[in-house]
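Listed next: structures, encoded as structure tokens.
Across the two complexes that follow, subunit A remains constant while its partner is subunit B and subsequently subunit C.
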Partner chain A sequence: MKFAILVSEGPYTHQATDTAYQFAKAVLAKGHEIFRVFFYHDGVYNATRLTTPPQDDRNIVKRWTELAKANNLDMVVCVAAAQRRGIVDDGEMQRNGKDATNLAEPFRISGLGQLIEAGIQADRLVVFGD
Partner chain B sequence: MTTKQFMIVNRKAPYGTIYGWEALEVVLIAAAFEQDVSMAFLDDGVYQIKKGHQTKGIEIKAFEKTFRALEDYDVTKIYVDQESLAERGLTADDLTIPVEVLSRAEIGKRMEEQDIVLAF
Partner chain C sequence: MLHIINKSPYDRPALDSVLKTGEGTILLIEDGVYAAAKGGAVEPKLKAAMGNFKIYALTPDIEARGIADRVMDGVLQVDYAGFVDLVAENKTNQSWL
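For the complex of A and B:
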């Protein structure tokens, strides 16, 4: 089955993002496909490479990054939500005259249309939020 | 393009959190993608469409007007939970847009019919 995942809460504050990660892992382990993981609301904070949790805690951003790279996942951060919350890639830095970027690889910043497309293309869109 | 039924469910009061506003952005984009979009307002979410938002004092942009623009995007299926209204002393007359007031069970049925339910 083809899944899409929406993560709409920030890391650490809320378990939604941990559950989404565990779900994604389980989906792949069962041989299903993940069309896209979309990050919205505070979920965009899952994509900052500047995250530095204590060493004895899980590194949520690194975990996503590794899962995405190993499985070639499409990880999309909503541009409007990212702009509000200071999640920046090269394009956004230049467009908005900022002096830094913080988007982790392989996340990419794109529009909400990517969420709608994921809903259309996937057999199931599973939402992890409050 | 494939058309699917998207329902955006709003359960939270406006302004206290950003969910209401960012949910509305999803509605507008889904409508732009010519999807079959509906909205449901439950719990404190009914306050989002109450008439007369005055947000000057909290310095947050009011988005009441955006609800009135939904019709221009052909988003006309707006369901409101009767019990949530009643619990808050509200009726459909207090709302800024025309809605269909339904019982909780009827809203549940509409949810079952959807391809995608996005709850905020």
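For the complex of A and C:
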């Protein structure tokens, strides 16, 4: 079965991203497919590569990137939410005249249409937020 | 319909809203699992709803909150794999945020 996951909450604030990550892992372990993970609102903070949690704490961003790379997941960050919160890739840096980027690989910045498409293409869409 | 509740019934009215929908399946996760604690103020309400709703709770969240020894009878426990199964089994799901 095809799953899509929507994360609308940032890391280290509520449990939502932790639950989403554990859920995603379980989806894959069951042999299902993840069509896309979409990060919206404060969820875009899951995609900054500059995060530096204490060594004895979980690294939520790194955990996402490792899961995504190992399973070739499509990790999409909402562009409007990212612009508001300072999540920047090369394209956004140039477009908006910024002097740095911070988007972790393999996240990509795209539009809300990607969420709608995920809702249409996937058999199930599950929302994790506050 | 699978209703996913992630907030305590002593914090948000999600559980009441879900019960008003009449019937379905409820999965309690995160602070939502407090609804499943024996002796809580919502126990009678949840007990009464058990005829119309199947009620599940996520074991890791129950254990994280130290209430594993007082989960109400009739509440079914699942792990994350069971969570995935519930989503797959139910054609629609709603996270009550």
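Simple rule for what comes next: the second predicted complex is superposed on the first by the 130 of 130 C-alpha atoms of A that agree within 3 Å, B and C clash if a C-alpha of one lies under 4 Å from a C-alpha of the other, contacts with A are read in each partner's own complex, and residues count from 1 in each chain.
Just so it is clear, contacts are C-beta pairs under 8 Å (C-beta built on N, C-alpha and C of every residue); 3 or more make two chains touch, one makes a residue touch a chain.
No experiment lies behind these values; they were computed from the predicted model shown.
Participant: Kindly classify A:A80 by the partners it touches after superposition: subunit B alone (first), subunit C alone (second), both, or neither?
Facilitator: First partner only.
Participant: Taking the superposition as given, does A:K30 touch the first partner, subunit B, the second, subunit C, both, or neither?
Facilitator: After superposing on A, A:K30 lies in contact with subunit C but is clear of subunit B.
Participant: Quick check on the superposed pair: does A:Y40 touch subunit B, subunit C, both, or neither? Answer first, second, both or neither.
Facilitator: first
Participant: After superposition on the shared chain, which partner residues are touched by A:G129: those of subunit B (first), subunit C (second), both, or neither?
Facilitator: both
Participant: Tell me the contact category for A:G111 with respect to subunit B and subunit C: first, second, both or neither.
Facilitator: In the superposed model, A:G111 contacts subunit B only, not subunit C.
Participant: Does subunit B (first) or subunit C (second) touch A:I120, or do both, or does neither?
Facilitator: first
Participant: Output check: A:M1 vs subunit B and subunit C. Expected answer is one of first, second, both, neither. What do you get?
Facilitator: second
Participant: For subunit A, which residues lie in the overlap of the subunit B contacts and the subunit C contacts?
Facilitator: Touching subunit B and subunit C on subunit A: residues 8, 127, 129-130.
Participant: Would you mind writing out the residues of subunit C in touch with subunit A in their complex?
Facilitator: These residues of subunit C touch subunit A: 4, 6, 29-31, 60-61, 79-81, 83-85, 87-88, 93, 95, 97.
Participant: Quick check: in the complex, which residue numbers of subunit A touch subunit B?
Facilitator: 6, 8, 40-41, 80-81, 84, 111-113, 115-117, 119-120, 125, 127, 129-130
Participant: Which residues of subunit A touch subunit C once you look at their complex with the stated criterion?
Facilitator: Going through subunit A, the ones touching subunit C are 1, 3, 8, 14-16, 19, 22-23, 25-27, 29-30, 32, 123-124, 126-130.
Participant: In the complex of these two chains, what residues of subunit B are touching subunit A?
Facilitator: It comes out as residues 1-2, 4, 6, 18-19, 22, 25-26, 29-30, 32-33, 35, 115-120.
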